[in-house]
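Input: a single structure, listed below in structure tokens.
Labels run A, B, C, D and E following the written order; every chain starts at residue 1.
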């Protein structure tokens, strides 16, 4: 692997990302499975970096999952998005940042389609007016939240308490990055680093001390496939894709996986559990799995936030071995506490996959 | 000034045109930006279909045009149109007034690293057709020398017939080059399995089909119909190629020790600039625009400006040479008509 | 073990690293012209049996080249040996004999 | 040129995703669905570009068009700037519009999908929400998520979510007026009509199959025959 | 006439006796084995034929005409015919007359079966006795006949072309021993009888020789050695006979009754097939006849070599020879003993081991059935174009046009593609598979309710005629059917086709005996000229499906040769009656090639 070759390609795909004043839209999946990630995105941006990130309670889902599950017409999806744009306009923002990759892809695709077919945009304007009496402006800049973290990666690194290194040996951690398909596969120029060698995550890993692993199935989809996961009958497809990725990365012995997609960290995490139940196989060391993180969780860890505040207890794959490797202290007793330190029951344990 | 002819480009087209013009009694001025004549052919090892040594072809031509005024490492700085011709300024400071200009500016080999998914310049064992010819010539390439090569792949249409790579055109010579190189590699590595990944095999030229049959029958080259979609590298540094075996209708993958990309022919980017100085535009295919593409491919709408060779699109060497001969005659006729 | 209501789907990707060429190589010994096939499909287009049994010489040869012996056998069983494919093959491959040869080689392993 | 093709070509996703296909197979090569299903996006695009109504109709009634995961990996590699995934979306859209989706096992799954996702969107303002995410339907979410679902307030609360409360934040309750706007958008843009259509055709199919709507919902959500895989031979 | 020796014995007869007992024993045991190898049905047929007067008479006739007179050879070449019949018939007469002599004069010696052979040694007689003179004359005469044959045989060895043979087989070592001993038998007999002539009598050959020897040699010391030599020669010949080509002499005597009993080859190596193999005289007539022989490389793939290799059990060569053959049947047409080359080869092909068998049981053909189904009607014609005609649609179009012009109520069985007739797969020796196809096609034909089945492909025609057993349905090749239409006046021809040469397709001509029908039709269509070799001597176009291994590039010379044969009389058009011949010829012909249907269709008034 020739690193310089990748650098050259990265230089061709530098995306312009304004560094302040963003209108934030949330992700349905992330807030359900990784609620703390969005919170820490805001926290890091606002509190640590002093950025203006605005959120309104009135924004809704973009409908992306319903759209990609083919349950709503394209115009419906577009009008819902147009409504978000209208909220942004009403709030006085011009830059839109999405928490969700599906949303990001959805927004990008809609904007590109409108650019190519202005008559469609006009119709959507009309639809929105009819339905909501609102008007919208298209965002000047559209970014995914990971783009922002990528942009601020060096600042984060400068404030880091921990690095992505084995604190005993000083060796960099071996990190697998997984980019959501809808981040740049449709529009390579909309993603940092393009579609083939996106550097939005690898850039973070690099600047936080880790070593990125490029394994053969790096670009492969996690297998969400919308309807393929959402309908129980189809989940064999979904898990087969993740299984394929793990089989491919296994020989590289990765320490962790970092993702920027809503569903991927959930799938890469949970399918490890299911594979262990189905096949008795685990991919980490000593019967553990390979922990899977959102980029905010990794940023949070690097910045020294408490792992349980970051919501790492919501992972099925135990993160403790990694925390130990990185030298991050944690309190096992507080892992499964409820609101305000309330003792609640603990989750059950998987049969095969080792948990703490 | 009387019969000054400037030939821009010292590849096969420029050299052959110069040779013919010399035979017609002119003394053309040939400028070549690199330090040697022969263009891309000079980098090649053997030429299909008879495995003629490329160096020999260049050497023979060079021998025959030594009476022309040849400026190596020289580019055209600017061209001014005058009443009766053109004033051409070269980068070496020479200034020439001429009646006819021949743009034999040739092509650029497609930059294979732009086809990112193939990993040229990123994965250790990926090379181009040109790299391979270089190895044939010098025996020096760390991707091959001293390596245990058991499986080799050739990817057709790299940077050709590809809207996203910016070139929709077929480069014409890659199919036959791939087959030629596949057979040459099989000769050097008899135990290796050789695979060609193609969309169509465009073997239109003299004896090309014979080459194809020979590659099948004697070299046992495996032809797989499917455009390579993605290349990745494994822990051992081998490349894993993904394609669809379209004939089976199934995705396929294969691990290879060496992957050769058949970089295609794209318009010479610098030539575009030179051409614009004499108001020769770019055609919709991305190459220089001829007056028309049937009978006047070597002429332009600019008076006294002629084209030959791959400046107007992908061509084989014999086609280029034939065009060069034709353009010499066209220039001659033009100059006679101007007297 | 948990019961999830689904299982990991099997992969269909052809792993060309693991293709068993032995049957194809054996065929090429008997019928070297097999290597000449350019998959034009003339044979399949003209095949009398094809419309009734799915036979296709092109596919048979391809399956053999990809080590898919069972699939090839399934197709071969539907051949009527009428010889039209041989008549139309632009590469002059004696497809009819190729089929017969294949039918014979299939038994060889068991001997 | 056929009527179905004409109708299909109205779809912007066809306009965007179908230029001219050269059958090179780059899409299939990296398609996750092509690996795990009896599915070849190249062939689908080729079928559509042949514009034969009978073939397109067969496609619309088949399982084939429902295998795609819409990951759009195919879009990246196509040398002709086609998007097989987009073509699939247009085909699915037409299949639903024509009511052909109930003809295939995978197509019938539109029913549980429509009910669940649009129920969430219209009632909660989210596509996915813990309130409607049941562990029994999702045993793969693991014991940890079973625990989360049992202690939603506690767990989400601890992690700083604004669970089912007013104001911004994760998992907040989306104000009714915004939900009303969503409904209005559905009404204006054909979303509501689509829901009714799916309901109607599915109900008819359920009757035909001798099931109640509930049985049909469960059946389509869970039933998987073994004819879908692509690993024979 | 008296016994010279009271014992009636001399030791020199011992070699002859040994040889005779050996060869007789060998042949009798062999014949019994072959008969036992027949299956029950054939055995029954065979024994029945032996007591049926008609076949008895036919056997006698055939044995006489073929084994002794060699009538077929006479037809082929007079010299060759004479050579064979002089030796065979002459020798036969010598033996017969010897026995008669013995019977007449020495009845008490009849049971000594060497006695008639060496009669002249054992008796003392005076040539002037009237009683012996006629026999002595006849004996000398037939000896002279045989000797003339031997002289010709020796000449033939050197110059076979005189006998109309370009190529022949190389005799093996044993063949040579047999041949030379055969050649020697009769001069030695002449010598021996000459030396004995002054004692036992002689005639116009032996007496003068006896006198001449007396003059030169003076004593009679040579008498006994020559009789010894004669006997030894006979012994050698008889002892090597089973292992040489001369085995055909006894074998043919079995083959003829076999054939007359109506047997067919049931097993590649047993019974009838074996009888054919041993009946092959290795004469090599089939070499010149074989269309493949124009290429030297193919000479050793002719029927004679098949037989030779079967005798040697050289399996690899048997396979090569069997698979290469075009099955045109010309070798059979010229074969003196009637070895059926094509059938022999198909039989060899049928005993191969296949790891994979075709199976059409799951095939659904209801669509074809439905497309032709109708009420039974005698007048209705079902037309089956066949696979090969699908590649030459001009033929099926012409046929449809003819049907329409003649007002025929017809259905086109394979208009949208049909099944194969089964003949090609039968030719490959896969009988069960052919049976399956026959069964499927029969279903369709029955459903059609047609009274006549018309075929435009002779390959189909042959199998339909021989294997389909379509009771109540006439099976006709389109040549026959067109003739019927012409004769009935339903089709009127204008005769304006110019000069036409008709090529007899192998499967139609030699295969089914259809030679005249197409010619009769064509004579009304244009001016019919003949090819150099025609009818049963016609030369295969080279495109035959019979050959399994002959590659495309190996067939061109064959086709060109066949074309050359067709165009000796410079016809305007080459007409054939087989789609395969048509497309094969069209590939290399410089004259238009048509199917007879096209010619007829074009020239219908």
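The working rule: a residue touches a chain if its C-beta (ideal position, glycine included) is under 8 Å from a C-beta of that chain, and two chains touch if they have at least 3 such contacts.
Quick caveat: nothing in here was measured; it's all calculated off a predicted structure.
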Chains partitioned by contact, subunit C not counted: A, B, D | E
For subunit B and subunit E, chains touching each: C
Farthest chain (mean CA position) relative to subunit C: A
Most distant chain from subunit D, judged by the mean position of its C-alpha atoms: E
Per-chain CA centroid nearest to the all-protein CA mean: C
Dominant interface by contact count, named by its two chains: A-D
Whole-Å gap between the CA centroids of subunit B and subunit C: 39
Chain centre separation in whole Å, for subunit E relative to subunit A (CA means): 87
Approximate Å spacing (C-alpha centroids) for the pair subunit A, subunit C: 46
Per-residue multi-chain contacts in subunit A, two or more chains: 195-196, 219, 232-237, 239-240, 244, 274
Sequence positions of subunit E contacting 2 or more other chains: none
Multi-chain contact residues (two or more partners), subunit C: 2, 4-6, 9-13, 33, 63
Topology of the chain contact graph, where touching chains are joined (line, ring, star, complete, other): other
Interchain contacts (touch definition) - all pairs: A-B, A-C, A-D, B-C, B-D, C-D, C-E
List of subunit C residues in touch with subunit A within their complex: 1-2, 4-11
Parts of subunit D lying in touch with subunit C, wherever the complex brings them together: 34-38, 139-140, 222, 224, 229-233
List of subunit C residues in touch with subunit D within their complex: 2-6, 9-13, 63, 68, 70-71, 74
Complex interface listing, subunit C residues touching subunit E: 33, 46, 48-49, 51-53, 73, 76-84, 86-89, 92-94, 96-97, 100, 102-110
Interfacial residue positions of subunit D with respect to subunit B in the complex: 22-31, 34-35, 40, 42-43, 76-81, 230
